[in-house]
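The same chain A turns up in both complexes below, where it pairs with chain B and then with chain C.
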Partner chain A sequence: MSDTQSKNSLLYVSTKDLPELPAPVNTTGPVAWMRQNLFASVRDTVLTVLFAILVIAILYKLIPWMLTDAVFFADSIRNCREIDTGACFAVVTSRFNQLIFGFYPPELYWRPILAFLLMFVAFAPLLHDNLPRKLLWFTGVFPLLAYFLLWGGAIWGPLLILAMVTAAVFVFSLVSKPLNSTLGLLAAIAFCLMYYIFLHDSISGALASAMPIGLEFVESAKFGGFLITFVIGVTGIVASLPLGIVLALGRKSDNMPVVKMLCVGFIEFIRGVPLITLLFVASTLLNYFLPPGTTFDLILRVIIMVTLFAAAYMAEVVRGGLAALPRGQYEAADALGLNYWQATRLIILPQALKISIPGIVNTFIGLFKDTVLVSIVGILDPVGIMQPIRSTSEWNGIIWELPIFIGLVFFIFCFTMSRYSMYFERKLDTGHRS
Partner chain B sequence: MKTKLLTLALGAAAIATVSTSASAATLDDVKAKGFLQCGVSTGVPGFAFTDDAGDWQGFDPALCRAMAAAIFGDAKAVKFTPTTGKTRFTALASGEVDVLARNTTETFSRDVDLKFTFAPVNYYDGQGFMVRKSLGVTSAKNLSGATICIQTGTTTELNLADYFRANNMTYEPVPIETNAEAQEKYLANACDVYTTDASGLAATRAAFEKPGDHMLLPEIISKEPLAPLTRHGDDQWADILKWTLNVLINAEELGVTAANADDMLANSKLPSIRRLLGAEGDFGTKLGLGNDWSLNAIKAGGNYGEIYDKYIGPKTAIGLERGLNQLWSKGGILYAAPVR
Partner chain C sequence: MTVASDFSDDVEPFRLSMLIYDKRYRSYTLQIITIALFMLAVGWLVSNVVQNFRDLGKEFSFAFLWEPASYDINQRLIEYTSRSPHWKAAVVGILNTLVLAFLGCIAATILGVAIGVMRLSKNWLVSRLMTIYIEGFRNVPVLLWILLASTAFSAMLPAPRQAPVLLGGGFVPTNRGFYVPAPIWESGSGVLAIIFLLSLVGAWFFGRWARAKQAATGEILPVFWIRLAIIILPVLFFYFILGRPIGLSLPELKGFNFQGGGFVRNSFMALWIALSLYTAAFIAENVRSGIQAISKGQTEAAYSLGLPPNRTMNLVILPQALRIIIPPLISQYLNLTKNSSLAIAVGYMDITGTLGGITLNQTGREMESLLLVMGFYLIVSLLISGVMNVYNNSVAIKER
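Here is the complex of A and B:
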């Protein structure tokens, strides 16, 4: 006690804290950042200067062309050239509707727009867990609603499908209670197939002629532009995830060798074939098999192929997630007395899917971008529709402007998806991985 | 999956055998569905493109409209299927389209081997060369050692190799995929010469910022007779296509236009015009159509000359001179069989 007192009374010891001094100039702020990261050594300095020159040189050419000298409104490329020397983005503004909707009737544009907006409502409960769970009903109905909005026609087709699904659930519970759930599933699938093949067309036709309620029918040939990208991309994304999960589980199911063999065969076959080949099969080969006059829609064929393609990749991504789970999780589920479906649904899949998020989103983005390949089979998606637009006498000679615009739109959507997935990952991170 | 595919294949094979006999009457099928399904290209300047409203326009769609008018009396009773160079023949062979009007060169193998029936030629094209004037070249014979932009996988590639070999010259090919890519490469001096069909070259040159700096060389090194086509095995259908085209060419020769066709039908005393327009004879009925088929076809978009001038003629941005595609009576080689 007395010892500390005597120390405090020493005159050369400060009794209060000295004020904090700012850090030395060369260790904080932009100057320090530049010293550390750009000019740390002679080699760094040389590289920095070289790249700075390169970037400035590119921007010096690009900015006038793309922004200050660019023309955004004109009736033709000649008009563009009269107005200014830069890019002629007037082609994008004048054909904007065609790039977005293709040849969809302009007075019906509200339908794809509404479907697009409702898509977010349908996705919302899947992406945010603080929304009421009842919204999931809307998510379930949305595919049929979107189909009805986009293609139109009599309302009875989608309604009957809805009724069929409800009936199938009923069949499932009817069979699975006394027997088991696998048989119930098979019975439900068989019921759906039988109904669709033998009854659907006649019933919906009869209803449509008796009570013609519905929207104006728009044929697939009128679809184009980003509408096609979204129809194919979103359907593929939504359908490929469940399909991929089923395939991955099938591939891991060692006690059902036939199912396993089918899944492995399917996955390896699809992964061994380029998407282009599948698209050509869809567009040309199937035509030879189907009787002439069958109008099995080209877009539908392409959607099926794209979905199957993505599902095979998805299956492998999910399998990676399943394989990454420690054995202990499977054993713990068994020890709790859960059966296979319960264990899979409650313990295995939630963890496996969480691990696989980056891979899943990777597949989604890849699928979304792969949709431009359909232009090769004559579907006028944004890339396909560039050709007829460039062939008009007004816009013949346009080269870069359309791809730049299309690339920009794709970038916005893909970047959003990737950012969202990162946020999702952080939110779901429960800290198991140390 | 496998068994399902097998059933599908077997079923399809069974149906295919039945349908070969059933598909004989394309006309009946077309009448039953109420419109003509016409395959066009995905875009060739002047020949096929979409307008602001999203309708297909151009030299090739105009022929389909005339044919639809001949069958239904309504030039709008036609739907277009864009086909690429790779999908066009399967689209026609499988029945996805009823007729293909798509800048297709008539060749032996396409006619005989792929089993199509070509209508008369509606555009005589040929492969040419475009160079910068600053290059100082005036003939294709001076092109030895040049770098040449060439579309891969086309007949033009083979023609080019043949021509240079025959003249003991060398060249360096710059492979490209589409016309737009070629424009960009050529303008960026990636190649000295761009070679493709002369009509395509003219259209490309017309779209340049300074067309005057470029020229087409006088040599045309190949024959590219472009013709519309149908499937083998339905002569009546092929005849409808063939005679729709013949009527349009004959109409130009006889001075019948979209504007004066009605008047000509009522007042003309010339037997050839009266036969052409159905005032005499029953040619339309013999084709399985109404007797006003030719009148409707002409009124749909005008005679051959009118269609030509509207989409690709000298007054359009494409600016193609008639050249070989002039009537035989005016120095060209368009020589349509008479309606009688």
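Here is the complex of A and C:
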């Protein structure tokens, strides 16, 4: 009975494969995508239509103005208006050199350009780990090289500083072997200060008069445009990270209340006041704090203030990273018998910095954007140079074009930084997160 | 017992070298060195300042604050003339800073929350546009936005005679500034204000009573609507009983300019709009990350308990997300307040513009003026972060 029945029921089963039917048209392809992402409900449809109308209306006005009707080459705004009705980007092209270099001597433009290109070579080994490690030596030398290229002058100053750093490393190892590394660090810093205050000027002066080798000197007042943005921004970025780490470690050092108090005081003071007041301090007040008769480059003063400002924010970011590390990491480092600096360098900081990458890069971006504030104390960065260009007779009446160009350059650099930090974060993610 | 005595026998006598080699004493050595270096640095700076002041024939005093300021401030909340003393100019500046910061925080919060929520929308177009907004504003310096808004207002808006009168005569944008309606307080408006405050208190008490009732009986009242009625109805009733004590004065064109109503300068409008739009982009990111940080399990658990979506949002997701959102939100408020010092770039007279700008240049008292300006910002920052700490402690997860 079961045999016949099973044979009969098998008649319902097909013996050959049926061809696959295509999926229903409203579940795949562009139609389905639009149904799910644009017109999923009545509210969604209304929103989509409203925003689409808005976007189309804006683009309809903007594209002709910015691209098809825009004038890219002309010698004055009247000339622009005669040629076409759109934006007058001719102001950017005709004042391009000023926007980029300020009043830097045109025949020396190769120097900032070379420094800019070498900057990428110097940063490359920090950003990609598949490059030869020897390149790090170039990274170490780059700040001096860039200083020499940008400002020029005799080559002896930078060379002597290089020699000083080498000697300081030697002093450090000399002191830290028999005693300990904290004292070694103090000794090395003391050595550098002593050398710089008492010997540096006389030695480099003597060498420069004996063998005048170097590049033509360019004074800081001639710097301007994006050159100044990069000088302040990059110096601030490079200097604020180590300073911020030191401040964060100082703030975490519970067994040294005095150090902790000083660090907290510094951080909270700097974070509590706007950068612009610090820049006013740099431009009007700093001379009071220095021995009478000291003159001190405004750009250098501003760089110091911007760096201190960013360092305080950096310290808070790094402190967050340090606080996020489980206690076990500190205890494990102690159990291995590492001393404070070894534990910090090998165990604590690599993990804490990895956690705080987004915050660190945000601080970098903030610092880079904040460099435009120097225009308020009279430095001719791109924003500072905008007003003089607008008030010339050729370009009087220009409104949107210069801010659009400057904003675009800032956007490109800041956006690249933030995207790179996301990539970096993913690359370093070792997946220990819960 | 023997063990303890073993250890106590082992206590080393103090040797000088322990100041460097022994971890217990090394911190004292380092701290003493730090104090010494710090004192040296401070002493050096102070002696330089004293020397420089003596060379310039200056002295450190705040007496200049009581001298007449002899400059005008075109936007002010309190009585001020050019014969008023410098301290009054500083107070005008402080009030201007606080007004700008307060209005900026409100606008930035509303915009930021809306954009942050829309950024999470399932609608592709909406979320993409919000991403563009956020990235666009976050990656361009705020000073550029402020300058752009200010030049756009003064160059694009029409002169008063050609200006359009919008919103039934209430709102007139011109290239000098914006004319807006101003309230006129007549006799009886004080009574109305007291009634309004009383009904606020009443609404609060009603909320407490309703919650107690819900806890006791489980009955849920339409609290929101009843509260709205308690706040609005008595005020409306007495408004008409007292014969409309609060009126509006509208701007009217007379000759070349508008008379009556309130006048908001372009510099203020530019700052307000630029700072709000810029800060809103940051707040939107905070809101987004706060909402995303709440795990999906919370939503699913709420649904499985039978809560409808809007109650899930109000009772489960938002209370948890707020704990994450509010600390960065308050630090954005702080940033906005500090960024309001950029007012000096467009000529709005905030504290940096009066005390740190004109007063400083007129009297040559850089040290005193900047100390006061920094002190003001520092106090505001510390107050706000103090409030934030209190809040953080009150909402922190109580671990048991």
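FYI, the second predicted complex is superposed on the first by the 406 of 434 C-alpha atoms of A that agree within 3 Å, B and C clash if a C-alpha of one lies under 4 Å from a C-alpha of the other, contacts with A are read in each partner's own complex, and residues count from 1 in each chain.
Convention: a contact is a pair of C-beta atoms (placed from the backbone, for glycine too) under 8 Å apart; a residue touches a chain by one contact, two chains touch by 3 or more.
Remember, it's a predicted structure, so these values are computed and weren't measured experimentally.
*Asks:* Which holds for A:Q342: it touches chain B only (first), chain C only (second), both, or neither?
*Replies:* Neither partner.
*Asks:* Check the residue A:Q98 against both partner chains and state whether it touches chain B (first), chain C (second), both, or neither.
*Replies:* In the superposed model, A:Q98 contacts chain B only, not chain C.
*Asks:* After superposition on the shared chain, which partner residues are touched by A:I77: those of chain B (first), chain C (second), both, or neither?
*Replies:* The first partner, chain B, only.
*Asks:* I'd like to know which partner A:L262 touches here: chain B for first, chain C for second, both or neither.
*Replies:* Touch partners of A:L262: chain B and chain C.
*Asks:* Touching A:T28 in the superposition: chain B (first), chain C (second), both, neither?
*Replies:* neither
*Asks:* By the touch definition at the top of the document, which applies to A:L186: first (chain B), second (chain C), both, or neither?
*Replies:* A:L186 contacts chain C only, not chain B.
*Asks:* Using the touch definition from the top, say if A:Y288 reaches chain B (first), chain C (second), both or neither.
*Replies:* Both partners, chain B and chain C.
*Asks:* Which partner chains sit in contact with A:S391 here, chain B, chain C, both or neither? Use first/second/both/neither.
*Replies:* first
*Asks:* Name the contact category of A:S209: first (chain B only), second (chain C only), both, or neither.
*Replies:* It touches nothing on chain B or chain C.
*Asks:* Of the two partners chain B and chain C, indicate the one touching more residues belonging to chain A.
*Replies:* C
*Asks:* Where on chain A do the contacts from chain B and from chain C line up?
*Replies:* 262, 280, 284, 287-292, 375-376, 386, 397, 399-400
*Asks:* Which chain C residues qualify as touching chain A in the complex?
*Replies:* Interface residues on the chain C side: 20-21, 26-27, 30-31, 33-35, 38, 45, 48-49, 51-53, 55, 121-126, 129, 135-136, 138-144, 147-148, 151-152, 155-156, 338-339, 341-342, 344-345, 352, 356, 360, 366-367, 370, 373-374, 377-378, 381-382.
*Asks:* Which of the residues in chain A end up touching chain B in this complex?
*Replies:* 77-78, 81, 94-95, 98, 102-103, 221-222, 224, 262, 265-266, 280, 283-284, 287-293, 375-378, 380, 384-394, 396-400
*Asks:* What does chain A use to touch chain C in their complex?
*Replies:* Per the touch definition, chain A meets chain C at residues 36-38, 40, 44, 47-48, 51-52, 55, 179-180, 182-183, 186, 255-259, 262, 268-269, 271-277, 280-281, 284-285, 287-292, 365, 369-370, 372-373, 375-376, 383, 386, 397, 399-400, 403, 406-407, 410-411, 414-415, 418.
*Asks:* Of all residues in chain B, which touch chain A in the complex?
*Replies:* Against chain A, the touching part of chain B is residues 1-2, 8-9, 12-13, 15-16, 18-19, 22-23, 29, 42-52, 54-58, 79-84, 86-87, 90-91, 93-96, 178, 180, 183-184, 203-204, 206-209, 316-318.
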